[in-house]
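Following this line, the structures themselves.
The following pair of complexes shares a single chain, subunit A, combined with subunit B in the former and subunit C in the latter.
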Partner chain A sequence: MKMKKLRADVLALLFLLPFLIVYCLFTIWPMVKGVQMTFYKWTLIKKMGYIGWDNYRNVIHDKEVWQALWHSAIFVVLSTPTMIVLGILLALIANRKSVLQKFYRSIFFIPSILSVAVASYLGLFVFQPYTGLVNSALHLVHILPENTEIFWLTETGLAWITVTLVTLWWTVGFNFILYLSAMQEIPDEVYEASKLDGANDNQIFWRITIPYLAPITKMITMLQIIASFKVFMQIYIITGGGPLDKTRPIIQLIYQTGFKKNNLGYAATMSYVLFIVLLVLSALQYWINNRKRGDL
Partner chain B sequence: MKKRSFGFMLLTLLLSFSVVLSACGNSGGGGNASSGGNESSSNSGNGSNAASGNAGDASDSGGEKVTLSFWTLFDGGDGDNMQALVDEFNKTHPNIQVKNTKLVYAEYYTKLITAVGNGNGPDIGISHASRLPDLIDQGVATDLNAAAEAAGVDWSTFNQNLLSADTVDGVHYAVPIDTHPFIMYYNKALLKQAGLLGDDGKPVMEQSEDGFMNFLKTLKEKLPSKITPFALSNANDDPYRFWWALYSQQGGNDVISDDLKSADIDKDKGIKAADFIQKLYTQGYIKKNDPDFYKNFQSGTAAIMMTGVWATGTWESTKGLEFGAMPIPKIFDQEATWGDSHTIILPTTSKEDPAKRKAAMVFANWVADNGQIWAKAGHIPSKPSVFEKPEFKAMPYRSDYVSVADTVKFSKQSTKTQQIRDNVSYKYLNEVWANKMTPADAMDKMQTDIQKVLND
Partner chain C sequence: MKWLYRIVSVAMAFLFAIPLIWMLVVSIKQEGMKIITVLDWFKPPFSFAVYHEILTGTKLTNWMGNSILVAVIVMVLTVIIAAMAGFALSKIPFRYKTFMFFLVLAGLLIPGEATIIPLYQVAKDMHLLNSYRGIIIPALASPIAVIVLKSFFDGIPNDLLESIQMDGGGIWKIFTRIVLPLTRPALASMAILTFIGSWNNFLWPFLSITNDNLFTLPMGIPTLMSQYSEDYVKPMVVNAIASVPIIVLFVIFEKQIVKGISMSGIKG
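And then the complex of A and B:
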């Protein structure tokens, strides 16, 4: 029996090997190398010298790093709840029986297939002053007086809204698909039974649909927080981190430090700080979920 | 279910492809024209370039055939012109074959540095003069003196102002092929309408602070309100270049000290220059947050604009645009402007091959000699002798601004030039242009942050 199990394990390993080799080479090894880099002064092309914990000490006292982390956190706070609520709303619309069902599913999901550059440039054209869609539309319905413009991209608050809206439009399709499939998993009998008991739509939604969606919501929240913390490209293209670096997320700072300031060691250190933040958040979420389950 | 979801996927894919395609079509022409250094777009054809194929060079490199890899960062019109130069060179030099690899500008330096670092760099590369000190410091750009001597390069045939930007302690690190200074363009039809075009086809403007302001004031009063008197972006490169020009016109000498170790802004001059430009924004001469100031000028809705000479080729290929080009007006004490220069470097290779290095220098010198091809995009050739060539003289506009090559105020040879510009100067000056910071505050903050960059 034991022999048989061992054989199965070896066989499994054999099949896993091709993936494992690539995974180790391109994911695990760079991570180890990254840790090594944090202890050196390391430029784009060469290792300069061991500097111990200096990089870590500098990160702790570096205001720019904490500001950038804060900006990423702002984006998480702005994007995560909106992403979940909109995901549920769209799934509700697409889940209703209607001739337009297929149409809804397609149009809600399509933006997710665009590349970040295309999505961001579309956002840029929509929100830019004078010729942008939003300002032009506002002029058309006379909400915005002639000769005044809203500068969506260069005022800090508006820039955050713009970036969030573009990201929302671009990526909500993924959450929508997850919610839609979760909704289709909810057994019809439960709905039928509730209707027989005289529940109205409102009650059905809050008492049945939402509780059934709880597990997937937990998962989406976690994925969304991690994804939002890693925000970079759309902000880089739309605002460039401006005005005055007030929308610059941590990844942009890491990129600038590594590739523009030629200081890969310090950039690697920042990456590990972000890694630790994400690790703590994931652990916290895991712990909260498990505790709740224990209570039941 | 399975079947349905497959159909759904297919539909999604089809629809999304169409979205992707149409999106590409829209975004292609946009871009922020103010970014980067040389995105001159669409220069019409390469036409007949009748290069005076220096036949002597061909026999220079002996019987051996040498193949050289060449990495460039040019696209659009620049990319086409460089390819034309390479093709012409290969045709006239049977013993030297140059292979041109076009890299994306935004990634060029990172790729060059890493490739050279692990021994896979090209035989020939391009560098901006402002990036050269950094490349020398990192061991990417090499000493050219020996190779130049072997190839018979005569350094005295180059514009000396340009050459000095590529030389450190008598060692040549690069062969300049052009300079691309910041200049002024004007729309002749609009200036005429405002009564500001002289009989010689040049703007009627007194070259002084008040003179320039009055010029803009008249433009604003005389032209319809839809017309922008002065097209300029509201952030980053071009307003910074204008600030640099005006700062230098007062005798400002870069923002760092001569020993390159400390931040050294001449505060009063910096404030005066920034204040002058800020007024252009606040008094409505420059359109606020103009999303595309190139387009603004190109479509004939702006009277004047300022940017690098690389725009000349673009304006030339624009139908119905009657424009003129001239140096930045002398608004303060002396003529000066911002400028950078494209140079050819020989990156460090894992195995040094004198024959290849000599051949590479033959190529570099030949490119400089044939600057009339390169000048199509608008650049000023690095050898004054090119100005006398009939092909160069036949091209309009260029001769109106070749004199600028002598008044370009290059940045000092610091390895931090790029960083200071991108991470400090742009940041605070942008705030000044947006009227969210006073010029005095900006100078103080720049001084502090530049010191921080230099200490790193």
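And then the complex of A and C:
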């Protein structure tokens, strides 16, 4: 639109002002404030002494921090590929014309809108030994002998699988929707042409559908990696970070350090380590997405 | 091939539905009943007595009201604020526009989780802890909403806006009478996604609120659960009460929700 320079500047500022105020006060300012906090011994009550680089030195040598980062990374590795494969599978199911089409679309997405607490507790109950749904079902079909139980929540490997399965159930709906809308954009002619050329279902899936989904897969992969890296609530409810802190992710460690051990300065330092990891991942995402396209 | 497809489809739907069905079945059982195998599900008696007990004897409905109140306010204000900012970035030519755009874009790289500790200190200094203002206001600056809405405003031809301007329409009029109505579907989708985001927000309310009258649903539920150990009836009633309204909302707004997700690629 055409308008006078100065007037445009003032108007733009007025329109941006509400956003800028909140953004600066609660995103930018904490970012800066956090840097200050990393140089202090800082408790919930007040700022204590200046300690220079001690927090940073300690973080680098803190085995708990690396272990918690590692746990978050394990969760990324477990959840990202399964989220993608399951997302595609569910989209394939709901994309096919059938009387149940609308039902499929709803049922695959509904868990995603449950409150995180509800989803986590349902998961916790489903995988309980003795009274949980999974073990009961396994007993019922005699895969699991009577009077034996699988301890889904208290053995490290199984606890990871449990948390991943619950998270899949709870959040795969978002990926499912993204894949479904991408699939619906593939032109029918492409399928018809390949059918005329004698391609079978298998070939059509691998040679047409999957390549068409490549851009959305790239996007989902990166969003998923970053989202999974920030995991906290499900693990907090389902395993509490146990057994023996073996599933405790970095966010939980930051929370415990700040609020249970009363050391906000050190917790802030940890969160900058997390920030750097996420920044590297985001930069990677930007690089991958823009390797071929020149635009922003 | 076709039958395999059907079996897999039905099996997946069953797996996704079964925890919810289990929740509903157990929630109408009587307390103290053994519900171990699936066969126990179908044994009467069924009763809604525990629903009554939870609805009247706990703060659950109170927390749900809080969650809805917070989510609605966050939703309305976020969309207004983001639409205004997106409009300026899209349609008003001003100095430092590129700088502003990159400033907003930078916000996408700053995860809330990484600033949560200093945010606590900032909120404390501003006396925002233990108040709804403290949960609502920090949630209002959503760079992703600004960017998505900006891209929708970009799709409105400038010629259209200029002709209105020629007729003497002010910029505010252009914004509220032309731009907002034209992008209503985008605004609705963004609103719903913001609502879901706020509804599920856990970490910040968890840190900033300690008064249990002010709890939101995700904070309140764990405190209830820790009191119940007998059987699953009470916990399942809690889960059911907390999820049935949101499922109903979903069924009503399914179209907008699906559209919102596919256009913004927001990961919940």
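Here is the rule we go by: the second predicted complex is superposed on the first by the 273 of 296 C-alpha atoms of A that agree within 3 Å, B and C clash if a C-alpha of one lies under 4 Å from a C-alpha of the other, contacts with A are read in each partner's own complex, and residues count from 1 in each chain.
Keep in mind that, in the parts below, a contact is a pair of C-beta atoms (placed from the backbone, for glycine too) under 8 Å apart; a residue touches a chain by one contact, two chains touch by 3 or more.
Since this is a predicted model, take the numbers as computed values, not measurements.
Asker: A:23 in the overlay: touching subunit B, subunit C, both, or neither? Say first, second, both or neither.
Answerer: The answer is second: A:23 touches subunit C but not subunit B.
Asker: Which partner does A:244 reach: the first (subunit B), the second (subunit C), both, or neither?
Answerer: In the superposed model, A:244 contacts subunit B only, not subunit C.
Asker: One more residue to check, A:122. First (subunit B), second (subunit C), both or neither?
Answerer: both
Asker: For A:140, is the partner it touches subunit B (first), subunit C (second), both, or none of the two (neither)?
Answerer: It touches subunit C, and subunit B stays clear.
Asker: Could you say whether A:104 touches subunit B, subunit C, both of them, or neither, answering first, second, both or neither?
Answerer: second
Asker: Where does A:43 make contact in the superposed view: on subunit B (first), on subunit C (second), on both, or on neither?
Answerer: The answer is first: A:43 touches subunit B but not subunit C.
Asker: Mind working out whether A:113 is in touch with subunit B, subunit C, both or neither, as first, second, both or neither?
Answerer: both
Asker: Comparing subunit B against subunit C, which has contacts with more of the residues in subunit A?
Answerer: Of subunit B and subunit C, C contacts more residues of subunit A.
Asker: Is A:96 touching anything from subunit B or subunit C once the two structures are fitted on A? First, second, both or neither.
Answerer: second
Asker: Where does A:15 make contact in the superposed view: on subunit B (first), on subunit C (second), on both, or on neither?
Answerer: After superposition on chain A, A:15 lies in contact with subunit C alone.
Asker: By the touch definition above, which subunit A residues appear in both interfaces, subunit B in one complex and subunit C in the other?
Answerer: Subunit A residues touching both partners: 105-107, 109-111, 113-115, 118, 121-122, 125, 130-131, 259.
Asker: Could you list, by residue number, the parts of subunit B that touch subunit A in their complex?
Answerer: Listed in rising order, the residues are 8, 11-13, 15-16, 19-20, 23-24, 26-27, 30, 110, 113-114, 116-118, 134, 138, 234-235, 287-291, 418-419, 422-423, 427-428, 430-431, 434, 436, 456.
Asker: Along subunit C, where are the residues that touch subunit A in the complex?
Answerer: Residues of subunit C touching subunit A: 1, 5, 8-10, 12-13, 15-20, 22-23, 35-39, 67, 80-82, 84-85, 87-89, 91-95, 97, 100, 104, 107-111, 113-122, 137-138, 140-141, 143, 146, 158, 161-162, 165, 171, 174-175, 196, 199-200, 202-203, 207, 217-219, 221-222, 225, 231-232, 235-236, 239, 242-243, 246-247, 249-251, 254, 257-258, 261-262, 265-268.
Asker: List the residues on subunit A that touch subunit B in their complex, please.
Answerer: Spelled out, the residues of subunit A in touch with subunit B are 43-46, 102, 105-107, 109-111, 113-115, 118, 121-122, 124-125, 128-132, 149, 151, 153-154, 242-245, 256, 259-263.
Asker: Considering only the defined contacts, which subunit A positions touch subunit C in the complex?
Answerer: 1-3, 5, 8-9, 11-13, 15-16, 18-20, 22-23, 25-27, 29-31, 33-34, 37, 42, 89-90, 93, 96, 98, 100, 103-118, 121-123, 125-126, 130-131, 133, 136-137, 139-140, 169, 171, 174, 177-178, 180-182, 201, 219-220, 223-224, 226-227, 230, 232-233, 237, 251, 254-255, 258-259, 264, 267-268, 271-272, 274-275, 278-279, 282
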